[in-house]
Every structure is written in structure tokens, then in C-alpha cells.
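Next up: some structures, all given as C-alpha cells.
Next come two complexes built around chain A: one with chain B, the other with chain C.
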Partner chain A sequence: MDYAIETLHLTREFHTDEGVFKALEDINLKVREGIIFGLLGPNGAGKTTLIRILSTLLLPTSGEAYVDGFDVVKEANKVRKIINLVSGGERPGYGILTTEENLMYYAQIYGLSRREAKERIEEVNRLIGLDEFLHKRLNTLSTGMIQKYALARGLLNKPKILFLDEPTLGLDVENARIIRRLVRRLVDEGLIKTILLTSHYMAEVEELCDYIAIINKGRIIAEGTVEELKNMVSREVIYNIDVKAIETPKLEFLKSIDSVVGYTVRMSNISGEARIRIVMSYEDISRILDTLERNRIKILRIHQDRISLEDVFLKLVGRGLADD
Partner chain B sequence: MDIKSWYTRIKAVVWLTFKEQSNWTKLPFYITYIFINPIFEVAIFSYVYIAVAYISNILDPLNAFYMITGVGLFNFIGSGLYGIIWTIHSEREHFRTLKYTYLGFPNLHIYLTSRGLYHYILGLITSTTMIILGLTLTGNLYLIDRVELIPIFTLLLIGVVWSSQLGVMVAGSSIYSSEYGPLISEAFGGILFLLGAVLYPIEVLPPVIQPLAYIFPTIEWLDLMRYYLSSQYHVTNVDMLWTLLLVKTLAYVGIVYIYFRIMEYFVRRRGMLEVTLHH
Partner chain C sequence: MIKIVRILRPAFARAYVRIFGGFREKSWLFWEVILPTIFMSSIIFAYENLNAPKVFIGFVVLGTIMMNFWYNVLWGMGSVLYWEKETGNLEVYLLTGSPLPSLLLGMALGGMFNTSVRSIAMILIGVYVFQAEFIPAYLPYAIAIFLLTLFSLYSMGMAFASLHLIYGRKGIRLNEVMGEPISFLSGQYYPINVFPTVIQSIASLMPITIGLDGIRRALILGEGLDTLWIHISILSIMALILFPLGIYIMNRIVEKGRRDGRLILRWI
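And now, the complex of A and B:
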């Protein structure tokens, strides 16, 4: 079977002053055509490094990678013709040019004539909605506008495979929702065949992706559909415990409890509360509550919750995605 | 090779360079700006010549011709060269678009060469102005009595070829180092000016460094240019100069092609396309 993306024992090392750092280690991925493939992992897990290799910006240290059957090392030019890259938190264009001028420029360097470029810009404009800032300089746009522009730029060459590296990074809730909806439409309407999306936002991956690989410290630690991944923690019990604000290190004692598979803490600056999410291998809540009280942590609320992707990560890694 | 697509691409790159260069002001101010620097540069060299001639009491019109044409023609070469070399720094550090250019434009080598084209067009206009003005100031405009357009035009094209490839070579080196890229660019321009028979024949250089000067095609190119501008400028062997110039130009094209491919490999190996200093 031919895959849109395939990697075989892909490894990438970086030599730093502290020694050799393995950003990717023995990555074996097979991405089917026609899906949104999600790569989920915390910051520094190796997601961007993988995208850099697949988009030919970086060479692997060892192993092989193929995009639409083309070798990213030996056939980089062929790969570049059929891909595009959209990275969150970046401004992929010239601030001195307007949105339209930037799109026209990039369309032309992809080889489109001026007339073809105009038609293509109209197409992406209809899809994404750029009218509001089409004639504004890029250096005057808001983050949300820039990300819409970035997505439009990524569609100019009608790529077969689109790499989306943290596409909603730094966006507010509303703009992130707009971008997510656009991404889903791209595949549903057949405008892009395959999307490889990286994110450290659990909900984003859960909402958008047909298949997910979880990456941590340069290694793929699990992969499957959302359901398949959630089944990995189907026997576990998940509780949310709201407590008065605490310092995360104070909860180290939870690790000594046998039933605790992992936990994560979210602080709320507004309410001054903290939410401890605990994944337990068996129902043992009374012992946990006792331990919390013994450590003078004031419990406000407690409720059992449904399994989420974060719990899969907690079970596999022992800590939350956002925890450093 | 789809020539129409390549023409579109190169035209877009020339347009981008114009926008990048001129975006900070209105067109009349920009035109004034592009002429001010070359005019003052040639004025300085003209008055240096006049001052030296006055003090030493040696008035040799051919010396003035040599200096003024050297400075003017080097401006043409230098404009393109700097334009190409500086592209790496501006795209990677300033605009942070280098990786998108790399993904979009089918060949980075050709992209860099195209980035120089606008500078060559501009350089041609300013260089012509410099030569006419400099020779007028020193009272030697009459020396331009030949102006053989076909060889001059051919030489300009050859000049674009070898100097743009030199630019690509230096850009290929600077792309490998985000930290020292600008230093490499600046230093190279200075070396070429020093060793290029721009202001003086290379025989006045210390014998140890004279062989270095022959690495560059600047000597033959400038000599031939001067020869086709003035009947009073003599060269020993025109055919030999043409042969040397063509051989060196072809050698540069070949060597730079290989060198750039190697550097591109190392750049991808180290992931240098996106590395910025964050300064």
C-alpha cells in the first residue's frame, strides 16, 4: 500500500554544547491518503522537527522518509512541488507588502501566470475570507488575520499534502475555531488530500484528526483513532478534584499512591482554584481524598469525568501535555 | 523546462526586490536616494585625483579615466553582488521568509541570481551616471571616444554572470552561518575592491597578494570595458583578455553550481534555513 507519508526508523540528532540531543528517535509512521493525521505532543517533543524533515527543510540523521512516495532526501524537489507548510505563530510573507501582493508574489513563484494567480487568489479568498485585510500590509494585521493569510498562502499551489505546524498557536478561542473549521473543510471538500497537523492542544487534535500519533521526547508512544487511544485507558478511573490554589510540587506525594497512574494540575488565575485531574488504575478515591486532607489541601469539589486524550497521555507519560 | 513559468517567477522576484528597496519612501525620494550615494562616491574619487595631481604636479588624464571608470563599473558589479549576498540575511533574519522561499521557488541558486537582477539594472543607470560625472569633474570626458556598444553590452552580460555567481558563492557560505553572514558579505566586497584593479593596476599590490587578484575575472572585465570605452586606453592582447574572461566566467559558473549544491546539503543537514539570531 502506498502511503501519503511514510517514515522508517527516522532519527534526528542535534549536537549541542551539552552533548548529543535526540529530537527524533526511530520514528515509524504510516499516514494514509485522505485523512487529517494528528501529531500530538508537548512542546519540544519533536513535532516540528518531524515536519521540518518531511517538508525537506532538514535532513534526518538516519532512517528514511517518503512523501507521496518521494524520498525527502534524494527527491526533495519533487516533494516540494506537492506540499506546502503553514506554521502557527509565524508571518510567512513580507510585512512591506499587502496580503494580496504577498499572495500574488507567492503564487507567481509557484509558477502561476498573473491571470492564473488572480483566479487562485479569488478561490482561496472565497474559501477563507480575506476581504477585510486583502489590501492591508502584512505588518499591520492581527494574529488571527495573519494565520488566515498563512493558510491561504499554503493553498496557493494546490498541495497534495499540507503540513500544519501548530496552526492555532497564539490565537484566541474564536480565531482558533475559525481556523479549525477551515482545516476540516479542506479535507471534507477534497481541496487537500492529506493533512499532517501537529498540536499540543488536545481538543484540537480530538476535534480534527482522523488518526493520531502521540509523540514524547522524540518517540511515538501510541497511535490510533481517538476511540482506539481512549480505549487504552478504558479500565482507568478519572477524577477531577477542585482544590484551593496550591503549588504543583506540593502534590508529589500523590505519586506514592499505588492506584495513581498520573495526574495533572490546572491553575485558574481568576478563581484562585486549582483542578487536579487524576487517572487511577482502580477506584481508590477515598484514599486520595484522605491523603489530600492530611496534607492540608482544601478540597472544594470532586467529580468523576469521561476519558479524554489527555488521560491517554497521562497514562503513557505520567504527566499532562501542558506540564513542563 | 517551462520558460514562461520561469519568466513569471523571475519577474516576480525582481518586483519584490524593487518593493523591498523602495518601500520606505515615495518614488521621487527613492530615485534621489539611489543617485546620491554614487554621485558623492565618484565626486570624492574625482577630487582625490585632482588633489593628488595638483600636489604632485602630475596630470595624467588616463589615470583619472582608470580610476573613474573603475569606480563606476565596480558600482555595477558591486550592486548586483551585494544584492544577492544580502538576500540571505534579509530573508532569514529580517523577513523570516527564507524557508518559504526555499519551499516555493524551485531552485534557490536561481532565486538568488534573480534577486540580483534589479540591482544590476539600477547599477547600470547609476554607473553610467558616475562615469560621465566623474570624467566631467576631472575634465576628461573627451576620453570616452569609442563606445563600442556590442562588445560593451556583451561584457555587461558576462559581468552579470560571473559577479552573480560570485554573489551566490558568498551567499552559499553566509547561509551556513547566521552569525557571521553579514560579516562575510561585507568583507568579500572589500576584498574584491582591493584586488580587482578598480582604482589601480594590480602591479602596485605587494607581490605576495598579486596572485590572489587573478582568481577574480575583475581585471580582464574592467580592462576590456575601458578598452571599448576609449581609444586611448591600450591593452596588450584583447583576444587573450576575452579568452581569460570567458574561461574564468565558465569556471565560476561550474564551480559555484557544485559549491552551492554542497552548501545546500550542509545547510539542510544543520537546519540553517530557519536559524535566526533573534537580535
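And now, the complex of A and C:
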């Protein structure tokens, strides 16, 4: 079977003053055509390194990678013709030029004539909706506008495979929702065959992706559909316990309880509360509550919750995705 | 034909950014024209006060103009390429599969246009304010030498620009090393025969020295092809060597950049 993306024992090392740092280690991925493939992992897990190798910007130290059957090392130019990459939180382009001029610039770099470029920009505008800021200078755009512009740029060459590296990074809820809707539309309407999306937002990956690989410290630690991944923690019991604000290190004692698979703590600066999300291998909540009380932690509320992707990560890694 | 279009389209697109973007800043006239002519004027005033021969005014005008083009190679290609990397533009450019020399050509064309505007202002000030004298009849020779010099300089610029990808921020030091000493050796404000023969020989290895000397001989001293053929020949040979060398160095450095991650890692 031909895959949109395939990697075989892909490894990437960086040589630093501290020694050799393995950003990716023995990555074996097979991405089917026609899906949104999510690469989920914390910051520094190796997501961006992998995407840079697949988009030919970086060479692997060892192993192989193919995009639409083309070798990313030996056939880089063939790969570049059928891909594009959009990174969140970045604003490539020239601030002094308008959105339209910037898109014109990139379209021409792809070899389009000015007339062809104009037509393509109109098509992309119809799809994404850039009218509001098409004639505004890039250095005056909001973060949400910039991300829409970046997505528009990523569609200029009608790529078959699109790499989206943290596409909603730094966006507010509303703009992130708009971008996610656009991304889903691209695949549903067949405008892009395959999307590889990296994110450290669970909800984003859960909402958008047909298939997910979880990456941590340069290694793929699990992969499957959302359901398949959730099934990995189907026997576990999950509780959310709201407590009066605490310092996370004070909860270290939880690790000594046999039933505890892992936990995350989310602080709320507004309410002065903290939410402990705890994954247990069997129902043992009364013991947990006893232990919390014995350690003088004031419990406010408690409820059992449904399994989320974060629990899968918690089980596999022993810590939450956002815990750096 | 298709290949040429694929090279030129990105180049013109990048030149557009430089030309139209530059003029959109209202202060361009001050930075691009007024400031540089002030420095040129101060040198001319110094020569006039020392009762130097009138030809020295023309020497200074042409020397300043040629050095502007050289500085444009150093800062307008090298440093701008580094800036393109830092802003993420280079990454996006490389994704398109367009050749990197096209991007550099675009930077060069845009920079050349801006420098030409500045140069015209300098010539006008030189002629109408300081009564610099040039011989228009020898302009075709001067233009031929000028274009050959530019070709060599911008070929060198490709190599320097790619070094900026390797050395990152430290590349700015490279500009300084390649700026002031070349300004000194090329005889920006004086003929290089003021130097001992050994230094003159070293200085003659640089296209800008040969080009500047040739243009001065044509426009100020009124020398024709009987002496200028040497300049044209040397510059042609330099262009033939420097252009492929520049492309080779750049391709090697880009490949090394892909290997080391220097094309995408911003902090190095």
C-alpha cells in the first residue's frame, strides 16, 4: 500500500555544547492518504523536527522518509512541489506590504505569473475569507488575521499534502475555532488530500484528527484513532478533584499510592482553586481523598469524568501534556 | 525558457519587495540619499580646501558610488538573507523549491535600484554643486566596466550571503571586515598608485578596484579601449570564475545548513 507519508527508523540528532541531543529516535510512521493525521506531544517532543524533515528543510541523521512516495532526501524538489507548511505563531512575509502583495509575492515564487497569481489569490480568498484585511499591511494585522493569511499562503500552490505545525498556537478560542473549521473543510472538500497536524492541544487533535500518534522525547509512544487510544485507558478510573489552591510539588505523595497511574494539576488564578485530574488503575477514590485530607488539602468538589486523550498521555508518560 | 522564467519570477517578486517596500517608508529620501551625500560632500570639501586637482572631485563621486554598490552587496544581500532566516521567510522560500540564487538576485536587483537612485543623486550633486567634470563620450566603456564589476561583486555577494547562514549574527562582523579594508584598498577617494606595488597588486585582485579604476579612466581621464581592454578582460575573467564559484559555495552551504539545521534554527 502506498502511503501519503512514511518514515522508517527515522532519527535526528543535534550536536550541542552539552553533547548529542536526540530530537527524534527510530520513528516509524505510516500516514494514509485522505486523512488528518495528528501528531500530539508536549513542547520539545520532536514534532517540529519531524515536520521539518518531512518538508525537506532538515536532513535526518539516519533512517528514511517518504512523502507521496518521494524520498525527502534524494527527491527534495519533487516533494516540495506537492507540499506546503504552515507554522502557528510565525508571520513570514513583509510587514511593509499588504496581505495581497505578500500572497502575490509567494505565488510568484511558486512560478505563477501575475495574472495566474491574482486568480489563485481570489480562489484562496473565497475559501478562507481575507477581504477584511486583504489590503492592509501585514504589520497591522491581528494574530488571528495573520494565521488566516498564513493558511492562505499554504494553499497557494494547491498542495496535495499540507503540514500544519501548531496551527492555532497563540490564538484565542474564537480564532482557533475558525482555523480548525477551515482545516476540516480543506480535507472534507478534497482541496487537500492529506494533512499532518502537530499540536499540544488535546481538544484540537481530538476534534480534527482521524488518526493520532503520540510523541514524547523523540519517540512515538502510541498511535491509533481517538477511540483506539482511549481504549488504552478504558479500565482506568478518572476523577477530577477541585481543591483550594496548592503547590504542585506538595502532591508528590500521590505517586506512592498503588492505584494512581498519574495526575495533572491545573491552577485557576481567578478562583484560587486547583483541579487535580487523577487516573487510577482501579476505583480507589476514598483512599485518595483520605490521603489528601491527611495532608491538609481542602477538597471542594469531586466528580468522576470521561476518558480524554490527556489521560492516555498521562498513563503512557506519567505526566500531563502541559506539564513542562 | 521555462527554467529562465522560474529563475526570474521569484527574483522580480523579491525585487518588488525591496523597491516598493523601501519607497513606502517616507524616510527613505533621508536615509538613502541625503545622509550618504553629506559624507561624500565632506570629503570633497576637504580636497577643495587642500587645493587638490579638480579631477579629485570626480574621483570621490565615482569612488563613493562604487562603494555604495559594494556595501549593498554586503548588507543588502548577506545581512538581509540572515534577516530572512530569522523571520522565517527563508524557510518558506526554500519550501517552494525555487532556486536560492533567484532570491539573492531579487535582493540584488532591488538593492541595485535603490543604490542607483542614490548614485544619480550623487552624480547630480557632484556635477551641479561641486562642478565635477566627466567625459560623456566614454560613457559606453564606463557602463560596460560597471556592469562587469557589478556581476562579479554580486557573484561574490552570493558566497558572502550564504556565509551569513553559517555564521548567523557573527556574519555582521564579516561585513565589517569586507567593508572598510576594501574601501581602503580599492581607492575609494584616491587612485591606488599612492600605495606600494605589493599592496597595489593585492588590491587589484578585487573586482571593485579594477572596475573603479576603469570607470575613472573612461569618464575622468578620457581613456578608450586601447587601455581599457585590460580592465574589461580582467573583469570578464573574474566574472567567469566568481559566478560559478558563488553558486557552488552557496549550494554547499545550503546543503550543510539542511544537515546541521542552520536553515531553520533561529538562535544560531
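The rule is short, and it goes like this: the second predicted complex is superposed on the first by the 324 of 324 C-alpha atoms of A that agree within 3 Å, B and C clash if a C-alpha of one lies under 4 Å from a C-alpha of the other, contacts with A are read in each partner's own complex, and residues count from 1 in each chain.
Just so it is clear, contacts are C-beta pairs under 8 Å (C-beta built on N, C-alpha and C of every residue); 3 or more make two chains touch, one makes a residue touch a chain.
The shown structure was predicted, so the numbers you read here are calculated from the model rather than taken from an experiment.
Engineer: Record, for the superposition on chain A, whether partners chain B and chain C clash or fit.
Structural biologist: Clash: chain B and chain C overlap once superposed on chain A.
Engineer: Of the partners chain B and chain C, which touch A:97 in the superposed model: first, second, both, neither?
Structural biologist: It touches chain B and chain C both.
Engineer: Quick check for you: in the superposed arrangement, does A:57 touch first (chain B), second (chain C), both or neither?
Structural biologist: After superposition on chain A, A:57 lies in contact with both partners, chain B and chain C.
Engineer: Quick check on the superposed pair: does A:253 touch chain B, chain C, both, or neither? Answer first, second, both or neither.
Structural biologist: A:253: touches no partner chain.
Engineer: Of the partners chain B and chain C, which touch A:21 in the superposed model: first, second, both, neither?
Structural biologist: neither
Engineer: Output check: A:282 vs chain B and chain C. Expected answer is one of first, second, both, neither. What do you get?
Structural biologist: Once the two structures are laid over each other on A, A:282 reaches no partner at all.
Engineer: After lining up the shared chain so the two structures overlap, which partner does A:109 touch, if you call chain B first and chain C second: first, second, both or neither?
Structural biologist: After superposing on A, A:109 lies in contact with both chain B and chain C.
Engineer: Overlap of the chain B and chain C footprints on chain A, residue-wise?
Structural biologist: After superposing on chain A, chain A residues 52, 55-59, 76-77, 80-81, 83-85, 90-94, 96-97, 101, 104-106, 108-113, 153, 157 contact both chain B and chain C.
Engineer: What part of chain A is in contact with chain B in the complex they form?
Structural biologist: My answer: residues 52, 55-59, 76-77, 80-81, 83-85, 90-97, 101, 104-106, 108-114, 153, 157.
Engineer: Using the touch definition from the top, list the residues of chain C that touch chain A in their complex.
Structural biologist: Where chain C meets chain A, its residues are 5-6, 9-10, 12-14, 16-17, 20-21, 24-25, 87-89, 91-98, 258-259, 261, 263-264.
Engineer: So in the complex, which bits of chain B are touching chain A?
Structural biologist: Listed in rising order, the residues are 2, 4-6, 8-9, 11-13, 15-16, 19-20, 23, 95-97, 99-106, 111, 265, 268-269, 271, 273-274.
Engineer: Please give the residue numbers of chain A that touch chain C in the complex, ascending.
Structural biologist: Touch residues, chain A against chain C: 14, 52, 55-59, 76-77, 80-81, 83-85, 87, 90-94, 96-97, 101, 104-106, 108-113, 153, 157.
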